[in-house]
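I'd like to ask some things about the structure below.
In this document, chain identifiers A, B, C, D and E correspond to the written order of the chains, with residue numbering beginning at 1 in each.
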Amino acid sequence: MTRFFKRLLSLAAGFACLLMLAVAPASAQTLDMVRERGFLICAATNALPGFAQQDSQGRWSGFDVDLCRGIAAAIFGDPEKIEFRALRGETRFASLQTGMVDVLTRNGPWTERRDTLYGAAYVGTAFFDGQAFLVPQSLGAVSAFELDDVSVCVIDGGEELERIQEFFFANQASYTEVPYEDVSDLAVAYQAGLCQAVSASGRQLQAIRRALPDPSAHRILPERISKELLGPVVREGDPQWFNIVRWTLFTLINAEEVGITQANVDSLLAARTPAVRRILGVEGDFGTPLGLAPSFMANVLRAVGNYGEMYDRHFGPQTGAALLRGQNALWTNGGQLYAPPVR
Amino acid sequence: MTTLDTGPAAAPRVSFFNDPVIRGIIYQVVVAGLLIAFIAWIVGNTAANLAAQNKTTGFDFLWKTAGFDISFSLLPWSRASFYWEAFLVGITNTLLVAFIGIVLATMLGFTIGIARLSSNFIVSRLATVYIETIRNIPLLLQLFFWYFAVLKAMPAVRESLALPFDIFINQRGLMLPRPTPDQEFTWVMVTFGLAVIVAIALSVWALRTRTLTGRYPRQIVLAGKAADACITFLIAFVALLVLLAVIFPISNAPMLAAILAVVIAALSVTRFAALARGVLSFVIAFLILDTAIGGMFSSLPGFVTTAVSAAVALVIARVVYSGALERPPSEARFPLALMALIVIGVPALVYWLTDATLAFEVPVLERFNFRGGLQLPPEFVALAFGLTVYTASFIAETVRAGIQAVNKGQTEAAQSLGLKEGDRLRLVIVPQAMRVIVPPLTSQYLNLTKNSSLGAAIGYPELVNVFAGTALNQTGRAIECIALTMLVYLIFSLLTSVIMNWYNARVSLVER
Amino acid sequence: MSQVSETTVDRPVDTSHMQVSSTNVAIEVIGMHKWYSDFHVLRDINLKVMEGERIVIAGPSGSGKSTLIRCINRLEEHQEGQIIVNGTELTADLKRIDEVRREVGMVFQHFNLFPHLTILQNLTLAPIWVRGIPKAEAEETAMHYLERVKIPEQALKFPGQLSGGQQQRVAIARSLCMQPRIMLFDEPTSALDPEMVKEVLEVMISLAEDGMTMICVTHEMGFARQVANRVIFMDQGQIIEQNEPEAFFSNPQHERTKLFLSQILH
Amino acid sequence: MQKTLATIALAASLGLVATTAQAAILDDVKAKGYLQCGVTGGVAGFSAPDSNNVWTGLEVDFCRAMAAAIFNDADAVRYTSLTSQERFTALSAGEVDVLSRTTTWTMSRDTQLGISFVGTMYYDGQGFMVRKADGIESALDLSGAAICIESGTTTELNAADYFAANSMEFNTVVFVDQDEVVKAYEDGRCDVYTTDSSALAAERSKFANPADHIILPEIISKEPLGPVVRAGDTTWFNIARWTYFALLEAEELGVSSANVDEMLGSDNPAVKRLLGVEGDFGTPLGLTKDWAYQIVKLVGNYAESFERNVGPSTPIGLERGLNALWKDGGIQYAAPIR
Amino acid sequence: MTDIGFVRADMVDARPAPHRTSGAVAWAQKNLFATPLDGVLTVLGAIFLLWIIPPIYNFFIGHAVGPAGTVEECRMENAGACWAYIHSEMEFFIYGFYDIPEQWRPNIVFALGAALLIPLLMPKVPFKRTNAVLFLFVYPIVSYYLLAGGVFGLKPMPTEKWGGLLVTLIISVVGITLSFPIGIILALGRQSKMPVIKTLCIGFIELVRAVPLISVLFMASIMLPLFMPQGMTIDKLLRALVGVTLFTSAYMAEVVRGGLQAIPRGQYEAGASLGLSYWQRMYFIILPQALKHVIPGIVNSFIALFKDTSLVYIVGMKDLLEAVKTKNDTALEWQSANTATTGYLFAAMVFWVFCFGMSRYSIYMERRLNTGYKR
């Protein structure tokens, strides 16, 4: 029998070696940092109505801010544990890299250079944007393709001008350009009737429309003649943090797809559909691998609702922006929003 | 090949390095050091790799929902089950197929091993061909063959091959009726258990009495005689019933069969017992042969098969008859029939008395598949079959070697003492052969269990497939899953060696 | 080559009641022939053994001595002629063979003890299972015969623990336990060291003294001289010569016998 | 003598062990001189070897595109055929540099396996194929059916979900190898074969009589299939991601392998940037500035690859559908190169 | 007691056994109809043979489609084995994806291997030592460079392209030649008096023997890269080799240990008394005897290894079985009812020929060396 025990012992030793391999740490710098600090620092490029704006009490609101709240809810279960900043210029990447900021919720549009050169990583698209047209209802146009013989206010010098040229050339339509140096000038010029239409990115047009005395008298046409992707950006080299932000965003989209809203999130805990159960953390555990609570997705949705709700809250008809979902609709509704499944 | 002789050559005494003890220690320290360094290197690499890939590790995943389906499981399984349940399902599926494979392979292997030693040329050659063919072809290939080539030849679900007793064979596997016992049937099961215990106790008592006093207890002998007649009657009744149904379909066949069976049973207690046995064996052999030959050569006309079967059955009857003539009187025989009657009859009595019912859930063809019943998927059947066929060829060789290892002199000595064939085998040959057979047999059992892991290749959800395959894949925990899988096999192996050590210690011959 | 020696026992052998008084025929072999496939091993064997007779069969190896006594026990089958043991003719009938074997004990060159059983179990196995003798009684008999072969103290050991001579004595005792009327010895001493030969021969002689019918294939010519009342010389599968020991050794008739004796007796 | 020989033998065996210093994947790949690409054992149109072991398919084209971007040689790729069970370990173990193998992007894979999904090469959804003779019209008729599935896939999980959600019974028959799954279905082991609908179409095209099988209308899941790389190497991730985007961007800008040389003279700044005529977008990736030019030149744009491998003119005959560019009604959308 | 003195006058001459009309009848009597039971078994066996042989004959030969046949013939009703399929895919079965113009290279390797191995196996051929050195040391290197290329202007052939019988043979030959010495060293280590080394060897042997090969290969396939430093990759063929070799070594070690234990202590003592060192004792005295004892066991391990090469599909090598399987599944142009069966049967026959050959050779050697040691 002693021979047997010796054998057993040596086997156990060999096996222990194998098991030792199963225990290895994972790095999680940003998350730890945020946890230690107790709140999340988000930043957007600049304050822009609908995306990020401060009310009279200094409280930030907007789409970007909600996205940030969502991330905070994912981490802390509490959407208020954030600090929001509006940063200008290229310093935002420096701030991100130095750790002054944890996530940029709206950076400039996603481009190759930004993605590859700044030590930053785009996690995904939160907002599909592009150059669009704002016209008065009175013009009677419901589509950009109906525009003909119009004067268009546009920023000078950028690609916007070229795009308009291409667009109208391609449509065999005629137009008059009214170029300006600055975005704020466009609004003033349009309001003053110096042009019949404004062409700028959708996010700028919705800001212009809000500021108009009677927003409902104006319409942002659904077509986009360029493409711009806006989305959260994180530092390179921290996959965990990258994934936290990415999957917070995807949670919002997936929740809309399966019909989870801020209102029904708790009642759906008893749902039977596996896809819903997984998002709400009733089945499976998708949070722990990210260093989060298993129910983090439910927390996100409790805090800010799903993507559709967020969008309606900030760009819906009642906001004065009245920005159609367009590309930002779910893929099932003809839009571009698509998130990989939670499973 | 020289040793590491690096010590100073001019040293007057035994050089430090040439001291065998010290040199041994140095060797060992070096080896241990190398080993530790190697392990550290691997652990370090792994940790670095895992960290670089930000992979999560640990066994927490075992308590998460698996989310996949397992096609065949003895334990309750749903997609909401946890990974540890998947682990258990894998183990039970492995054990199930291993157990069935072991039982069948043992039976087949012993038969073939003994057949190989047969003095009959055809029988021994057939066994040799079987062994030499099967064990020289990789098991994996055989499994593929049984699964893919044979599966293709199986009928589709709707054209299922229907066998008697609601058994169906098709591409979806083997569908059997599943017994669904009711409440009262528990009593039958309990009685059955008790009857088995009683039968064993009775056997032990009878044998002990036989040893101590030289004869079986009188009561037992009497009861044995009665039981003999009883069993003879039952067998005769069934056989005759079938025979009558096959030959002349007459209306009151049961009555006639019963009468004839009573006659045979009555004969079996007189001195014409041998005749009764001969007749009975003729009927049974004829029935089996006629069915088998008719099935094998469907193109032959009926009367040819009947004639051939009758002729062969006649010879068999003759063999049985002369064997029966030489049977010792019932006083000197172990009352096997009595034990059988107790084990079967008592529960049957209880079944009848308690009015229990044993319904069978019959597999029924539905829109796609059979539903209900006991369904054995073809993966399981192919794996169990492949393992059985393959392992049996090794077991057969083990058995042959074991029997051959018993010196011929042992048989002669036993013969010269007047021991009869049965006693000779039971008391002298088998105990010695088993001593030689059991250790390699056990390692064949272990091999079979390990080989069941090849079920992964044909989709049988055993441990490697379920856990090191699907679960590993859905979770990505490679190290954990493989470690657990290997641990299970390790435990099987250790358990086997514990049992073997115990057995070897028990049976090892005491030598000078 | 088989071992040929002339070990004798250093005590006077009491041959007083070794005279064959019985007129009962124990074994009768008439015109027996045997072939191993095409090889004619035993040719025209005629032999009559009276009860109480002690016969030694000698001859060069390959002469068919062992085959002959194995035929008497039906360990081998003969093809022609008759063998009648205790009035029972040996045929393919198993029942008769078993009857005969119960009455005929046999001791083998290589002992053939059952290695997985103790000495006592070896001895009681057949009495219990063949004769149906109660265990206690069988053990008593076994101990009796063990004492007779002078190794009662080994009863609980296994055969592997015994020396060759002891094993052979156990083998003899094992046969005796069946209380046979005839004992066959197939070169019982040729696998033994010289000093062990003696202890086995002692036992055989004491058996002879008790008047057991014995047929003994052996090269122990001393034993033959002392104990046998007939010596049979075989060669080429046939009985060449037989005679009383004194006459056989002192005055062999046949050329082959002379040659054989001159070789083994220097 | 023997010692020398042993040394040589050792050296020869070491030839099989390629060691490279700890370095970024790009450097490794450049040092090796080829890209090791993990693919399926054979899904026609996506990745399959022909009889000469030349691999073709949409996913193979992605690897070729990466090789083109890195080496200016689309053939500098070696393929490792992986089962779905092996693929992630093979990737994280560094056995393959990129996994381009009909891999569904899911949360647990993205977050738990130490891998990063680059993007969605093909938006797919899981469907069911059945024999026409069975007369099934909807997946909701499938209660009690035997279903052939490849093990270790999202398919396996989705099917379980779908049947559970619709309270239907089913039997799964799970195989490690795609080929075995198809064979088992073909042999009649199962009533239903389920996988991504694109693969269903691909497999159906291989059947002796494709018309005997129908694909049911239900799509029970969304399956964004895309290439995967190891997490942690941002440069490598970016190369893969922007290779994908370049394929899309080229289609959007109308640049194809046929006209790419003409387009070098285009006035369109976006085209100029794509082809490296204006600006240098390659260097930050560790590539040359004409990286995207090479991709288009040697492999073509996304549309070409799609048409060539799985499009309506191939036996597989898939429509672009969701995989059309965003401006054509699909959801394939690339971030711009600028 | 009148007839006690007897002297044979006439010797009886040997005569043929009775009841013997001809050899066949006697043989049948003895081997087929010795007893009535034997007769029954013979008849049943004959019926079984009658039943099973015609279909087998028809499948393999009678209705089979020969190498020159076409797929249409294979698809006909009642067609037997489709040997035409084997014939047309033979190159793939032997070489895998090895480039067709380069196939002369494996051919040379095969020929060279046969030329070196066959004389090595024939006891009477001289120059054993040179032959063995050539086979064990020179041949592998030459073969490797010949197969892999990349030198002397040979086109490089990555091991991914190797396949079929080529891979099966490479793995088994290398596995056999490497596992043998490793097994011996492990066995000696297991008998060692040094506890560390002993424990190590026991641990290795028992651990490896406890688990199925499939999991060892799984580990080689999945986990080995995880154990290596970042960026170090190991060729699949090498992984298969390492997995199979280590696995077989453990079994080999147990076989050799059996042989070592069968050597009487006296041999060890005699060796020591001659003043031989440990290794000299082992090399000259103990091992030659011990190995002779366990030739059947060793060859059984080799046969097991040869069969086990079919499992290397796990690490992604296309060995013979995997090559056949691949073609069975994907050769659409050859699809017919019996194609797959024919493919498997072909693979089975190839495996069988090698394994059976090895077992016969071992019996021959065993007889030659006349060890008389039976398992």
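Methods note: contacts are C-beta pairs under 8 Å (C-beta built on N, C-alpha and C of every residue); 3 or more make two chains touch, one makes a residue touch a chain.
Keep in mind it's a predicted model, so treat the numbers as computed, not measured.
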| item | value |
| --- | --- |
| Each chain counted as touching subunit B and subunit C at once | E |
| Furthest chain, CA centroid comparison against subunit A | C |
| Chain centre separation in whole Å, for subunit D relative to subunit C (CA means) | 88 |
| Distance between chain centroids, defined by C-alpha means - subunit B, subunit D (Å) | 47 |
| Distance from subunit E to subunit C - Cα centre to Cα centre, in angstrom | 51 |
| Subunit B and subunit E, separation of their C-alpha mean positions in angstrom | 28 |
| Multi-chain contact residues (two or more partners), subunit B | 42, 46, 49-50, 52, 54-56, 67, 79-80, 148, 152, 456, 472, 478-479, 486, 490, 494 |
| Of all residues in subunit E, the ones touching two or more other chains | 30, 200, 206-207, 210, 222-223, 226-227, 229-230 |
| Shared-contact residues (touching 2 or more other chains) in subunit C | none |
| Residue ranges of subunit D in contact with subunit A within the complex | 104-108, 110-112, 114, 116-117, 120, 123, 154, 157-158, 161, 164-165, 221-224, 231-232, 234-235, 237-238, 241-242, 245, 269, 281, 284-285, 322, 326, 329, 331, 333, 335-338 |
| Complex contact set, residues of subunit B against subunit D | 49-50, 52-56, 67-71, 78-80, 148, 151-152, 156-157, 171-172, 366-369, 371, 377-379, 456-459, 461, 465, 469-470, 472-476, 478 |
| Footprint of subunit D on subunit E - complex, ascending | 97, 133, 137-138, 140-141, 144-145, 148, 158-161, 221-226, 229-235, 237-238, 316, 326, 329-330, 332, 335 |
| Subunit E contact footprint on subunit C (complex, rising order) | 20, 35, 37-40, 43-44, 48, 50, 79-80, 230, 236-244, 247, 253-254 |
| Residue ranges of subunit D touching subunit E (in the complex, touch as defined) | 1-2, 5-6, 8-9, 12-13, 15-23, 28, 36, 42, 49, 52-53, 78-82, 86, 89-90, 92-95, 179-180, 182-183, 206, 208 |
